[in-house]
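One chain, subunit A, appears in both complexes that follow, with subunit B as partner in the first and subunit C in the second.
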Partner chain A sequence: MSKPAASLFHPKRLNLSGFINTRLIRDHNKRMAFEQTEPERQALRYMIRNTSLPGRTRAQAQLQLSQMHAYTRPTQIKNRCVASGTARSVFRDFRINRYQFRLQALSGELPGVKKASW
Partner chain B sequence: MSQGRLLDLVKSQCRIFSLNFNPQRLRLGNKILRQRLRGPALAAWYPKQEVSFRDLQNTYKPLGLTTFDEAEDDREEAIQIAKLRGKGRPKKKRTAAESRSAKKKK
Partner chain C sequence: MFTNTTRSLLGAGKRLRVPVPIRSLSSPSQPSAPTPTATQETAPQPAASPAPESVSTPTPEQPSEPLVKEWSERLGALGKGTRLPRSVQAIYMRPLRRKAEYGLPVCDLQLRSYSVENVEFFADFAIRAAYYLNLPVSGPVPLPRIVERWTVPRSNFVHKKSQENFERITLRRLIQIKDGNPKAVQAWLAFLRKHAFYGVGMKANVWEHDSLDVGKSMDESLPEIEKALGSHLAQFGQRKDNSVESSIFDTLDSDRFAERTSR
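After this line comes the complex of A and B, so read on.
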(Lines of atoms letter the chains of each structure in order from A and count residues from 1; the text may use other names and numbers.)
(Lines give C-alpha, C1' and ligand atoms only; values in the text may rest on other atoms or scores of the structure.)
Protein backbone atom coordinates (compact mmCIF):
# COMPACT_ATOMS: atom_id res chain seq x y z
CA MET A 1 0.00 0.00 0.00
CA SER A 2 1.41 3.38 -0.97
CA LYS A 3 1.69 6.14 1.57
CA PRO A 4 -1.00 8.83 1.09
CA ALA A 5 0.50 12.18 0.16
CA ALA A 6 0.86 14.83 2.84
CA SER A 7 0.27 17.40 0.09
CA LEU A 8 -3.43 16.70 0.59
CA PHE A 9 -3.23 18.95 3.61
CA HIS A 10 -1.39 21.87 2.02
CA PRO A 11 -3.60 24.97 2.02
CA LYS A 12 -4.21 26.86 -1.23
CA ARG A 13 -2.91 30.00 0.37
CA LEU A 14 -0.72 30.21 3.44
CA ASN A 15 -2.26 32.52 6.04
CA LEU A 16 0.48 32.56 8.64
CA SER A 17 2.23 35.68 9.82
CA GLY A 18 5.41 36.13 11.80
CA PHE A 19 8.26 33.64 11.66
CA ILE A 20 7.72 30.89 9.08
CA ASN A 21 9.77 27.86 8.13
CA THR A 22 8.98 24.49 6.57
CA ARG A 23 8.66 22.60 9.82
CA LEU A 24 6.38 25.24 11.27
CA ILE A 25 4.15 25.10 8.17
CA ARG A 26 4.06 21.32 8.40
CA ASP A 27 2.98 21.48 12.03
CA HIS A 28 0.36 24.08 11.12
CA ASN A 29 -1.01 21.79 8.40
CA LYS A 30 -1.26 18.97 10.93
CA ARG A 31 -3.21 21.21 13.27
CA MET A 32 -5.62 22.16 10.48
CA ALA A 33 -6.04 18.50 9.48
CA PHE A 34 -6.73 17.50 13.07
CA GLU A 35 -9.27 20.27 13.53
CA GLN A 36 -11.12 19.16 10.40
CA THR A 37 -11.23 15.46 11.23
CA GLU A 38 -11.66 15.64 15.00
CA PRO A 39 -15.45 14.90 15.06
CA GLU A 40 -14.88 11.87 12.83
CA ARG A 41 -12.05 10.63 15.02
CA GLN A 42 -14.12 11.10 18.18
CA ALA A 43 -17.04 9.20 16.63
CA LEU A 44 -14.77 6.29 15.78
CA ARG A 45 -13.22 6.38 19.24
CA TYR A 46 -16.70 6.27 20.76
CA MET A 47 -17.60 3.22 18.67
CA ILE A 48 -14.40 1.46 19.71
CA ARG A 49 -15.00 2.08 23.43
CA ASN A 50 -18.70 1.15 23.36
CA THR A 51 -18.91 -2.50 24.45
CA SER A 52 -22.63 -2.68 23.65
CA LEU A 53 -21.88 -2.52 19.91
CA PRO A 54 -21.18 -5.75 17.99
CA GLY A 55 -17.54 -6.77 17.91
CA ARG A 56 -17.35 -6.60 14.15
CA THR A 57 -18.44 -2.95 14.09
CA ARG A 58 -15.92 -2.06 16.75
CA ALA A 59 -13.12 -3.84 14.90
CA GLN A 60 -14.06 -2.01 11.71
CA ALA A 61 -14.01 1.31 13.56
CA GLN A 62 -10.57 0.45 14.92
CA LEU A 63 -9.32 -0.31 11.46
CA GLN A 64 -10.79 2.88 10.03
CA LEU A 65 -9.25 5.00 12.78
CA SER A 66 -5.82 3.43 12.34
CA GLN A 67 -6.00 3.93 8.58
CA MET A 68 -6.67 7.66 8.80
CA HIS A 69 -3.78 9.83 7.63
CA ALA A 70 -1.02 10.47 10.12
CA TYR A 71 -1.58 14.24 9.77
CA THR A 72 -5.04 13.88 11.36
CA ARG A 73 -3.52 12.41 14.52
CA PRO A 74 -3.27 14.76 17.53
CA THR A 75 -0.02 13.17 18.73
CA GLN A 76 1.67 14.48 15.57
CA ILE A 77 1.16 18.03 16.75
CA LYS A 78 4.13 19.66 18.43
CA ASN A 79 4.17 23.07 20.02
CA ARG A 80 6.74 25.13 18.16
CA CYS A 81 8.12 28.55 18.98
CA VAL A 82 6.12 31.26 17.23
CA ALA A 83 9.14 33.56 17.02
CA SER A 84 11.84 31.10 15.88
CA GLY A 85 10.20 27.79 14.92
CA THR A 86 12.17 25.86 17.55
CA ALA A 87 10.42 22.77 18.90
CA ARG A 88 12.27 22.51 22.20
CA SER A 89 11.72 24.26 25.54
CA VAL A 90 8.67 26.20 24.35
CA PHE A 91 6.68 27.95 27.08
CA ARG A 92 3.02 27.18 26.52
CA ASP A 93 1.87 30.49 28.05
CA PHE A 94 4.00 32.63 25.75
CA ARG A 95 4.30 30.23 22.78
CA ILE A 96 8.01 31.02 22.48
CA ASN A 97 11.08 29.08 23.47
CA ARG A 98 13.29 29.90 26.42
CA TYR A 99 15.89 31.85 24.43
CA GLN A 100 13.32 33.99 22.61
CA PHE A 101 11.58 34.45 25.96
CA ARG A 102 14.80 35.77 27.48
CA LEU A 103 15.47 38.12 24.56
CA GLN A 104 11.94 39.48 24.47
CA ALA A 105 11.64 39.77 28.24
CA LEU A 106 14.92 41.67 28.53
CA SER A 107 13.85 44.07 25.80
CA GLY A 108 10.55 44.61 27.61
CA GLU A 109 8.27 43.11 24.97
CA LEU A 110 6.49 40.78 27.39
CA PRO A 111 4.11 42.71 29.64
CA GLY A 112 4.42 41.80 33.31
CA VAL A 113 7.66 39.87 32.94
CA LYS A 114 10.75 41.20 34.64
CA LYS A 115 14.07 39.81 35.68
CA ALA A 116 14.07 38.44 39.20
CA SER A 117 16.32 40.18 41.66
CA TRP A 118 16.37 39.99 45.45
CA MET B 1 -32.85 3.39 52.28
CA SER B 2 -33.42 0.37 50.12
CA GLN B 3 -31.40 -0.44 46.99
CA GLY B 4 -34.43 0.14 44.77
CA ARG B 5 -35.09 3.60 46.16
CA LEU B 6 -31.45 4.58 45.66
CA LEU B 7 -31.58 3.39 42.05
CA ASP B 8 -34.72 5.47 41.50
CA LEU B 9 -32.96 8.46 42.96
CA VAL B 10 -29.96 8.05 40.64
CA LYS B 11 -32.29 7.52 37.70
CA SER B 12 -34.19 10.75 38.26
CA GLN B 13 -30.89 12.53 38.92
CA CYS B 14 -29.62 11.35 35.54
CA ARG B 15 -32.87 12.45 33.86
CA ILE B 16 -32.73 15.93 35.37
CA PHE B 17 -29.06 16.57 34.58
CA SER B 18 -29.28 14.69 31.24
CA LEU B 19 -26.67 12.12 32.22
CA ASN B 20 -26.49 8.57 31.01
CA PHE B 21 -28.19 6.14 33.42
CA ASN B 22 -26.01 3.04 33.51
CA PRO B 23 -26.59 0.97 36.68
CA GLN B 24 -24.77 -2.11 35.30
CA ARG B 25 -21.66 0.04 34.78
CA LEU B 26 -21.25 -1.06 31.20
CA ARG B 27 -18.46 0.51 29.18
CA LEU B 28 -20.46 2.58 26.74
CA GLY B 29 -17.76 5.03 25.73
CA ASN B 30 -19.79 8.02 26.84
CA LYS B 31 -16.71 9.69 28.23
CA ILE B 32 -15.58 10.22 24.62
CA LEU B 33 -18.81 12.06 23.86
CA ARG B 34 -18.41 14.20 26.97
CA GLN B 35 -14.94 15.39 25.91
CA ARG B 36 -14.66 18.86 24.43
CA LEU B 37 -13.21 19.34 20.98
CA ARG B 38 -9.57 20.36 21.14
CA GLY B 39 -9.20 21.24 17.45
CA PRO B 40 -10.03 24.97 17.55
CA ALA B 41 -7.64 25.61 20.44
CA LEU B 42 -4.82 23.65 18.78
CA ALA B 43 -5.40 25.29 15.40
CA ALA B 44 -5.05 28.76 16.95
CA TRP B 45 -1.43 28.24 18.08
CA TYR B 46 0.34 30.14 15.29
CA PRO B 47 -0.56 33.77 14.57
CA LYS B 48 -2.80 34.08 11.52
CA GLN B 49 -2.26 36.61 8.78
CA GLU B 50 -5.48 38.51 8.31
CA VAL B 51 -4.45 41.06 5.68
CA SER B 52 -1.63 40.65 3.17
CA PHE B 53 0.03 43.22 0.97
CA ARG B 54 -1.74 41.70 -2.00
CA ASP B 55 -5.12 42.38 -0.34
CA LEU B 56 -4.17 46.04 0.08
CA GLN B 57 -3.05 46.16 -3.53
CA ASN B 58 -6.32 44.65 -4.69
CA THR B 59 -8.36 47.20 -2.75
CA TYR B 60 -6.32 50.29 -3.73
CA LYS B 61 -5.47 49.50 -7.37
CA PRO B 62 -9.06 50.10 -8.60
CA LEU B 63 -9.06 53.52 -6.90
CA GLY B 64 -6.15 54.54 -9.10
CA LEU B 65 -3.55 54.53 -6.33
CA THR B 66 -0.13 53.08 -7.02
CA THR B 67 1.39 50.56 -4.62
CA PHE B 68 4.94 49.35 -4.27
CA ASP B 69 5.77 45.98 -2.72
CA GLU B 70 9.45 46.20 -1.90
CA ALA B 71 9.90 42.52 -1.07
CA GLU B 72 8.25 41.42 -4.31
CA ASP B 73 10.32 43.92 -6.28
CA ASP B 74 13.53 42.60 -4.69
CA ARG B 75 12.54 39.05 -5.52
CA GLU B 76 11.87 39.82 -9.18
CA GLU B 77 15.14 41.70 -9.45
CA ALA B 78 17.05 38.75 -7.98
CA ILE B 79 15.40 36.43 -10.51
CA GLN B 80 16.40 38.73 -13.38
CA ILE B 81 20.01 38.79 -12.17
CA ALA B 82 20.04 34.99 -11.84
CA LYS B 83 18.68 34.65 -15.38
CA LEU B 84 21.39 36.91 -16.76
CA ARG B 85 24.00 34.73 -15.07
CA GLY B 86 22.39 31.66 -16.60
CA LYS B 87 21.25 30.45 -13.18
CA GLY B 88 17.51 30.79 -13.79
CA ARG B 89 15.06 27.95 -13.40
CA PRO B 90 15.00 25.34 -16.20
CA LYS B 91 12.08 25.40 -18.58
CA LYS B 92 9.09 23.33 -17.48
CA LYS B 93 8.81 20.01 -19.34
CA ARG B 94 5.24 19.76 -20.59
CA THR B 95 5.28 16.32 -22.23
CA ALA B 96 6.74 12.93 -21.30
CA ALA B 97 8.91 12.93 -24.45
CA GLU B 98 10.51 16.25 -23.49
CA SER B 99 11.42 15.10 -20.00
CA ARG B 100 12.90 11.88 -21.37
CA SER B 101 15.14 13.70 -23.83
CA ALA B 102 16.28 16.02 -21.06
CA LYS B 103 17.41 13.04 -19.00
CA LYS B 104 19.33 11.48 -21.89
CA LYS B 105 21.46 14.60 -22.40
CA LYS B 106 23.18 14.07 -19.06
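After this line comes the complex of A and C, so read on.
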Protein backbone atom coordinates (compact mmCIF):
# COMPACT_ATOMS: atom_id res chain seq x y z
CA MET A 1 0.00 0.00 0.00
CA SER A 2 1.13 3.52 -0.72
CA LYS A 3 0.97 6.50 1.56
CA PRO A 4 -2.24 8.54 1.49
CA ALA A 5 -2.14 10.86 -1.45
CA ALA A 6 -1.50 14.54 -0.90
CA SER A 7 -4.98 15.15 -2.24
CA LEU A 8 -6.23 13.82 1.08
CA PHE A 9 -5.10 17.05 2.59
CA HIS A 10 -6.83 19.28 0.11
CA PRO A 11 -9.28 21.32 2.13
CA LYS A 12 -12.76 21.79 0.71
CA ARG A 13 -12.44 25.52 0.89
CA LEU A 14 -9.30 27.59 0.65
CA ASN A 15 -8.81 30.05 3.43
CA LEU A 16 -6.67 32.24 1.22
CA SER A 17 -6.94 35.65 -0.27
CA GLY A 18 -4.85 37.89 -2.43
CA PHE A 19 -2.15 36.38 -4.60
CA ILE A 20 -2.67 32.66 -5.21
CA ASN A 21 -0.19 30.22 -6.59
CA THR A 22 0.09 26.43 -6.80
CA ARG A 23 2.96 26.48 -4.36
CA LEU A 24 1.09 28.83 -2.09
CA ILE A 25 -1.89 26.49 -2.06
CA ARG A 26 0.40 23.55 -1.34
CA ASP A 27 1.88 25.38 1.61
CA HIS A 28 -1.61 26.22 2.77
CA ASN A 29 -2.55 22.53 2.60
CA LYS A 30 0.48 21.64 4.65
CA ARG A 31 -0.50 24.15 7.28
CA MET A 32 -4.03 22.76 7.43
CA ALA A 33 -2.75 19.18 7.62
CA PHE A 34 -0.39 20.04 10.43
CA GLU A 35 -3.12 21.84 12.31
CA GLN A 36 -5.45 18.87 12.08
CA THR A 37 -2.96 16.22 13.16
CA GLU A 38 -1.03 18.17 15.74
CA PRO A 39 -2.58 16.47 18.82
CA GLU A 40 -1.73 13.06 17.41
CA ARG A 41 1.79 14.08 16.66
CA GLN A 42 2.22 15.49 20.13
CA ALA A 43 0.81 12.35 21.73
CA LEU A 44 3.21 10.16 19.78
CA ARG A 45 6.16 12.43 20.57
CA TYR A 46 5.24 12.26 24.22
CA MET A 47 5.10 8.48 24.14
CA ILE A 48 8.45 8.21 22.39
CA ARG A 49 10.16 10.33 25.00
CA ASN A 50 8.39 8.83 28.01
CA THR A 51 10.88 6.37 29.54
CA SER A 52 8.27 4.97 31.90
CA LEU A 53 6.45 3.33 29.01
CA PRO A 54 7.44 -0.12 27.76
CA GLY A 55 10.01 -0.15 25.00
CA ARG A 56 7.71 -1.91 22.61
CA THR A 57 5.12 0.83 22.87
CA ARG A 58 7.70 3.51 22.36
CA ALA A 59 9.08 1.77 19.31
CA GLN A 60 5.55 1.41 17.97
CA ALA A 61 4.93 5.10 18.51
CA GLN A 62 8.17 5.93 16.72
CA LEU A 63 7.09 3.87 13.78
CA GLN A 64 3.69 5.45 13.65
CA LEU A 65 5.10 8.93 13.88
CA SER A 66 7.52 8.28 11.08
CA GLN A 67 4.75 6.83 8.97
CA MET A 68 2.53 9.86 9.22
CA HIS A 69 2.24 11.84 6.03
CA ALA A 70 4.96 14.35 5.27
CA TYR A 71 2.39 17.15 5.04
CA THR A 72 1.63 16.77 8.74
CA ARG A 73 5.18 17.77 9.68
CA PRO A 74 5.70 21.31 10.90
CA THR A 75 9.06 21.47 9.15
CA GLN A 76 7.26 21.36 5.83
CA ILE A 77 5.73 24.74 6.45
CA LYS A 78 7.53 27.60 4.79
CA ASN A 79 6.59 31.24 4.95
CA ARG A 80 5.64 32.62 1.57
CA CYS A 81 5.12 36.11 0.28
CA VAL A 82 1.43 36.94 0.29
CA ALA A 83 1.86 39.38 -2.58
CA SER A 84 3.95 37.30 -4.97
CA GLY A 85 4.16 33.75 -3.58
CA THR A 86 7.94 33.79 -3.37
CA ALA A 87 9.49 31.70 -0.64
CA ARG A 88 12.78 33.55 -0.32
CA SER A 89 13.58 36.52 1.90
CA VAL A 90 10.07 36.94 3.20
CA PHE A 91 9.87 39.48 6.02
CA ARG A 92 7.99 38.14 8.97
CA ASP A 93 6.85 41.64 9.97
CA PHE A 94 4.98 42.15 6.73
CA ARG A 95 4.73 38.60 5.29
CA ILE A 96 6.11 40.07 2.13
CA ASN A 97 9.07 39.37 -0.09
CA ARG A 98 11.94 41.85 -0.02
CA TYR A 99 11.21 43.16 -3.50
CA GLN A 100 7.48 43.49 -2.85
CA PHE A 101 8.41 45.21 0.38
CA ARG A 102 10.46 47.76 -1.51
CA LEU A 103 7.72 48.38 -4.06
CA GLN A 104 5.02 48.76 -1.45
CA ALA A 105 7.17 50.89 0.83
CA LEU A 106 8.00 53.25 -2.00
CA SER A 107 4.35 53.57 -2.93
CA GLY A 108 3.50 54.27 0.69
CA GLU A 109 1.33 51.23 1.29
CA LEU A 110 3.16 50.15 4.43
CA PRO A 111 2.22 52.47 7.28
CA GLY A 112 5.15 54.20 8.86
CA VAL A 113 7.78 52.78 6.54
CA LYS A 114 9.91 55.49 5.00
CA LYS A 115 13.17 55.72 3.18
CA ALA A 116 15.90 55.91 5.75
CA SER A 117 19.10 57.88 5.74
CA TRP A 118 21.30 58.39 8.70
CA MET B 1 -35.84 86.55 -14.98
CA PHE B 2 -35.52 88.70 -11.91
CA THR B 3 -33.85 86.09 -9.77
CA ASN B 4 -31.42 85.45 -12.53
CA THR B 5 -30.33 89.06 -12.61
CA THR B 6 -30.06 89.36 -8.87
CA ARG B 7 -27.80 86.37 -8.79
CA SER B 8 -25.58 87.77 -11.46
CA LEU B 9 -25.50 91.11 -9.69
CA LEU B 10 -24.58 89.45 -6.45
CA GLY B 11 -21.72 87.77 -8.17
CA ALA B 12 -20.59 91.05 -9.66
CA GLY B 13 -20.69 92.71 -6.26
CA LYS B 14 -18.58 89.90 -4.80
CA ARG B 15 -16.05 90.17 -7.53
CA LEU B 16 -15.75 93.94 -7.31
CA ARG B 17 -15.70 93.95 -3.48
CA VAL B 18 -18.26 96.71 -3.50
CA PRO B 19 -20.47 97.03 -0.44
CA VAL B 20 -23.74 95.35 -1.32
CA PRO B 21 -26.88 95.72 0.75
CA ILE B 22 -27.67 92.07 0.50
CA ARG B 23 -31.10 92.14 2.03
CA SER B 24 -32.63 94.40 -0.59
CA LEU B 25 -31.02 92.31 -3.30
CA SER B 26 -32.01 88.91 -2.15
CA SER B 27 -35.50 89.64 -0.89
CA PRO B 28 -38.06 89.12 -3.63
CA SER B 29 -40.63 91.27 -1.73
CA GLN B 30 -39.33 94.46 -3.33
CA PRO B 31 -38.84 93.61 -6.95
CA SER B 32 -38.79 97.25 -8.02
CA ALA B 33 -36.24 98.38 -5.43
CA PRO B 34 -33.24 99.74 -7.25
CA THR B 35 -29.89 98.34 -6.34
CA PRO B 36 -27.39 101.11 -5.72
CA THR B 37 -24.34 99.09 -6.62
CA ALA B 38 -25.49 97.81 -9.94
CA THR B 39 -22.87 98.64 -12.50
CA GLN B 40 -24.08 98.89 -16.02
CA GLU B 41 -20.96 97.39 -17.55
CA THR B 42 -20.83 94.25 -15.44
CA ALA B 43 -24.54 93.49 -15.54
CA PRO B 44 -25.00 90.84 -18.20
CA GLN B 45 -28.55 91.86 -19.04
CA PRO B 46 -28.97 95.61 -19.48
CA ALA B 47 -32.70 95.24 -19.97
CA ALA B 48 -33.12 93.99 -16.41
CA SER B 49 -30.79 96.54 -14.85
CA PRO B 50 -32.41 99.19 -12.68
CA ALA B 51 -33.07 102.86 -13.45
CA PRO B 52 -30.09 105.04 -14.45
CA GLU B 53 -30.51 107.59 -11.62
CA SER B 54 -30.00 104.88 -9.00
CA VAL B 55 -26.89 103.69 -10.77
CA SER B 56 -25.20 107.05 -10.54
CA THR B 57 -25.51 107.42 -6.74
CA PRO B 58 -22.50 105.30 -5.66
CA THR B 59 -19.28 105.59 -7.61
CA PRO B 60 -17.56 102.26 -8.01
CA GLU B 61 -14.34 104.04 -8.98
CA GLN B 62 -14.11 105.83 -5.61
CA PRO B 63 -15.51 103.45 -2.98
CA SER B 64 -16.68 105.26 0.13
CA GLU B 65 -16.65 103.83 3.69
CA PRO B 66 -18.17 100.33 3.31
CA LEU B 67 -21.38 99.74 5.19
CA VAL B 68 -20.61 96.06 5.85
CA LYS B 69 -17.04 95.25 6.77
CA GLU B 70 -14.97 92.33 5.62
CA TRP B 71 -15.35 89.03 7.41
CA SER B 72 -11.96 89.20 9.05
CA GLU B 73 -12.72 92.59 10.57
CA ARG B 74 -16.13 91.49 11.75
CA LEU B 75 -14.70 88.39 13.38
CA GLY B 76 -11.91 90.39 14.98
CA ALA B 77 -14.41 92.81 16.45
CA LEU B 78 -16.31 89.92 17.99
CA GLY B 79 -13.67 89.21 20.60
CA LYS B 80 -13.23 92.78 21.77
CA GLY B 81 -15.98 93.13 24.28
CA THR B 82 -16.61 89.46 24.93
CA ARG B 83 -14.70 86.29 25.65
CA LEU B 84 -15.08 82.65 24.73
CA PRO B 85 -16.56 80.21 27.22
CA ARG B 86 -13.95 78.94 29.64
CA SER B 87 -14.09 75.38 28.33
CA VAL B 88 -13.47 76.59 24.80
CA GLN B 89 -10.75 78.97 25.94
CA ALA B 90 -9.00 76.09 27.71
CA ILE B 91 -8.37 74.45 24.34
CA TYR B 92 -5.92 77.22 23.51
CA MET B 93 -4.07 76.78 26.82
CA ARG B 94 -1.98 74.00 28.26
CA PRO B 95 -4.17 71.14 29.53
CA LEU B 96 -5.41 71.48 33.08
CA ARG B 97 -4.45 68.85 35.60
CA ARG B 98 -5.68 67.54 38.90
CA LYS B 99 -3.27 67.21 41.74
CA ALA B 100 -2.44 63.71 42.95
CA GLU B 101 -2.92 63.32 46.65
CA TYR B 102 -1.02 60.09 47.26
CA GLY B 103 0.70 59.50 43.92
CA LEU B 104 -0.28 55.85 43.75
CA PRO B 105 -0.09 54.66 40.12
CA VAL B 106 -3.35 53.18 38.96
CA CYS B 107 -3.14 53.03 35.19
CA ASP B 108 -0.37 53.22 32.61
CA LEU B 109 -1.51 54.14 29.14
CA GLN B 110 0.94 53.81 26.32
CA LEU B 111 0.20 55.50 23.01
CA ARG B 112 2.04 54.45 19.89
CA SER B 113 2.10 55.95 16.47
CA TYR B 114 4.33 56.49 13.49
CA SER B 115 3.62 60.20 13.32
CA VAL B 116 4.40 62.83 15.93
CA GLU B 117 1.32 64.94 15.32
CA ASN B 118 -1.12 62.11 15.88
CA VAL B 119 0.43 60.83 19.06
CA GLU B 120 0.92 64.33 20.51
CA PHE B 121 -2.62 65.32 19.69
CA PHE B 122 -4.11 62.22 21.20
CA ALA B 123 -1.96 62.44 24.33
CA ASP B 124 -3.23 65.99 24.80
CA PHE B 125 -6.80 64.81 24.29
CA ALA B 126 -6.36 62.01 26.82
CA ILE B 127 -4.99 64.40 29.44
CA ARG B 128 -7.87 66.81 28.97
CA ALA B 129 -10.36 63.96 29.23
CA ALA B 130 -8.69 62.82 32.44
CA TYR B 131 -9.05 66.29 33.91
CA TYR B 132 -12.78 66.32 33.37
CA LEU B 133 -13.04 62.83 34.92
CA ASN B 134 -11.24 64.04 38.07
CA LEU B 135 -8.24 61.84 37.41
CA PRO B 136 -4.80 63.11 38.42
CA VAL B 137 -2.50 62.45 35.50
CA SER B 138 1.22 62.59 34.89
CA GLY B 139 2.74 62.72 31.47
CA PRO B 140 2.93 62.47 28.57
CA VAL B 141 6.35 60.92 29.04
CA PRO B 142 8.14 60.44 25.73
CA LEU B 143 9.41 56.87 25.81
CA PRO B 144 12.34 55.78 23.64
CA ARG B 145 11.49 55.49 19.98
CA ILE B 146 11.47 52.06 18.38
CA VAL B 147 13.48 52.18 15.19
CA GLU B 148 13.23 49.27 12.80
CA ARG B 149 15.39 49.30 9.72
CA TRP B 150 15.45 47.12 6.66
CA THR B 151 17.95 47.05 3.87
CA VAL B 152 16.84 45.55 0.59
CA PRO B 153 18.44 45.27 -2.83
CA ARG B 154 16.96 47.76 -5.23
CA SER B 155 16.59 45.17 -7.94
CA ASN B 156 14.47 42.06 -7.84
CA PHE B 157 17.43 39.95 -8.92
CA VAL B 158 21.13 40.00 -8.06
CA HIS B 159 22.90 43.43 -8.07
CA LYS B 160 23.53 43.19 -4.35
CA LYS B 161 25.76 46.26 -4.45
CA SER B 162 22.88 48.64 -4.98
CA GLN B 163 20.68 48.59 -1.93
CA GLU B 164 18.07 50.77 -0.30
CA ASN B 165 17.33 51.46 3.35
CA PHE B 166 13.90 51.70 4.87
CA GLU B 167 12.93 52.46 8.41
CA ARG B 168 9.89 52.61 10.60
CA ILE B 169 10.02 54.71 13.73
CA THR B 170 7.43 54.04 16.38
CA LEU B 171 6.87 56.95 18.74
CA ARG B 172 5.59 56.25 22.20
CA ARG B 173 4.02 58.34 24.91
CA LEU B 174 3.27 57.19 28.41
CA ILE B 175 0.40 58.65 30.40
CA GLN B 176 0.09 57.60 34.01
CA ILE B 177 -3.03 57.99 36.12
CA LYS B 178 -2.45 58.36 39.83
CA ASP B 179 -4.79 57.39 42.65
CA GLY B 180 -7.94 57.56 40.57
CA ASN B 181 -11.18 55.77 41.13
CA PRO B 182 -11.04 52.44 39.21
CA LYS B 183 -14.47 53.07 37.73
CA ALA B 184 -13.40 56.50 36.53
CA VAL B 185 -10.28 54.94 35.02
CA GLN B 186 -12.42 52.43 33.17
CA ALA B 187 -14.67 55.21 31.95
CA TRP B 188 -11.63 57.17 30.80
CA LEU B 189 -10.25 54.19 28.89
CA ALA B 190 -13.64 53.50 27.32
CA PHE B 191 -13.93 57.14 26.29
CA LEU B 192 -10.49 57.07 24.71
CA ARG B 193 -11.34 53.88 22.88
CA LYS B 194 -14.58 55.36 21.64
CA HIS B 195 -12.75 58.41 20.31
CA ALA B 196 -9.72 56.50 19.12
CA PHE B 197 -7.62 58.56 16.76
CA TYR B 198 -6.44 57.21 13.42
CA GLY B 199 -2.93 55.87 13.40
CA VAL B 200 -2.62 55.81 17.17
CA GLY B 201 -2.46 52.54 19.08
CA MET B 202 -3.23 52.25 22.77
CA LYS B 203 -2.08 49.84 25.44
CA ALA B 204 -3.13 50.13 29.05
CA ASN B 205 -1.94 48.47 32.23
CA VAL B 206 -4.45 48.86 35.03
CA TRP B 207 -3.69 48.17 38.67
CA GLU B 208 -6.24 47.84 41.38
CA HIS B 209 -5.47 48.30 45.03
CA ASP B 210 -7.30 46.68 47.87
CA SER B 211 -7.14 46.63 51.63
CA LEU B 212 -5.15 43.99 53.52
CA ASP B 213 -8.28 41.90 54.10
CA VAL B 214 -8.51 40.97 50.45
CA GLY B 215 -9.24 37.37 51.32
CA LYS B 216 -12.30 38.25 53.30
CA SER B 217 -13.75 40.52 50.67
CA MET B 218 -13.04 37.94 47.98
CA ASP B 219 -14.76 35.24 50.02
CA GLU B 220 -17.74 37.49 50.41
CA SER B 221 -17.98 38.17 46.72
CA LEU B 222 -17.55 34.51 45.74
CA PRO B 223 -21.25 33.51 45.69
CA GLU B 224 -22.04 36.45 43.44
CA ILE B 225 -19.27 35.52 41.03
CA GLU B 226 -20.32 31.89 41.01
CA LYS B 227 -23.85 32.91 40.27
CA ALA B 228 -22.71 35.12 37.39
CA LEU B 229 -20.40 32.46 35.98
CA GLY B 230 -22.77 29.56 36.49
CA SER B 231 -24.27 29.75 33.03
CA HIS B 232 -20.80 29.77 31.44
CA LEU B 233 -19.30 27.07 33.60
CA ALA B 234 -22.25 24.82 32.84
CA GLN B 235 -20.91 24.61 29.30
CA PHE B 236 -17.66 22.98 30.44
CA GLY B 237 -17.00 19.42 31.47
CA GLN B 238 -16.69 15.97 30.03
CA ARG B 239 -19.50 14.26 28.29
CA LYS B 240 -20.67 11.26 30.20
CA ASP B 241 -21.01 9.10 27.14
CA ASN B 242 -17.49 10.05 26.10
CA SER B 243 -15.67 8.36 28.96
CA VAL B 244 -13.97 5.25 27.68
CA GLU B 245 -12.44 2.67 29.95
CA SER B 246 -9.76 1.77 27.46
CA SER B 247 -6.10 2.73 27.63
CA ILE B 248 -4.01 4.76 25.22
CA PHE B 249 -2.76 1.53 23.66
CA ASP B 250 -6.24 0.67 22.52
CA THR B 251 -6.44 4.07 20.91
CA LEU B 252 -3.16 3.54 19.13
CA ASP B 253 -4.32 0.19 17.82
CA SER B 254 -7.74 1.49 16.87
CA ASP B 255 -9.03 1.47 13.32
CA ARG B 256 -9.26 5.22 13.11
CA PHE B 257 -5.67 5.71 14.08
CA ALA B 258 -4.47 2.88 11.88
CA GLU B 259 -6.35 4.43 8.99
CA ARG B 260 -4.41 7.67 9.33
CA THR B 261 -1.08 5.96 9.49
CA SER B 262 -1.83 3.16 7.06
CA ARG B 263 0.65 2.62 4.29
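Assume the second predicted complex is superposed on the first by the 115 of 118 C-alpha atoms of A that agree within 3 Å, B and C clash if a C-alpha of one lies under 4 Å from a C-alpha of the other, contacts with A are read in each partner's own complex, and residues count from 1 in each chain.
To be clear about the criterion, a contact is a pair of C-beta atoms (placed from the backbone, for glycine too) under 8 Å apart; a residue touches a chain by one contact, two chains touch by 3 or more.
These figures come from a predicted structure and were not determined experimentally.
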Fit or clash - subunit C, subunit B, common subunit A: fit
Partner chain(s) touched by A:Gln64 [first = subunit B, second = subunit C, both, neither]: second
First (subunit B), second (subunit C), both or neither touched by A:Leu24: first
First (subunit B), second (subunit C), both or neither touched by A:His10: neither
Contacts of A:Ala105 with subunit B and subunit C, given as first, second, both or neither: second
First, second, both or neither for A:Arg88, with subunit B first and subunit C second: neither
First (subunit B), second (subunit C), both or neither touched by A:Val113: second
Nearest-approach distance, in Å, of subunit C Cα atoms to those of subunit B in the combined model: 16
Interface residues of subunit A shared between complexes with subunit B and subunit C: 47
Subunit A contact footprint on subunit C (complex, rising order): 114-115, 148-150, 152-156, 164-170, 199, 248-249, 252, 257, 260-263
Partner subunit B, residues of subunit A touching it in the complex: 14-18, 24, 27-28, 31-32, 34-36, 38-39, 42, 45-52, 74, 77, 79-80, 82, 95
Subunit A residues within the subunit C interface of the complex: 1-4, 37, 40, 43, 47, 57, 60-61, 64, 67-68, 91, 93, 98-99, 101-102, 105, 110-117
Residues of subunit B defined as touching subunit A within the complex: 26-33, 35, 37-40, 42-43, 45-50
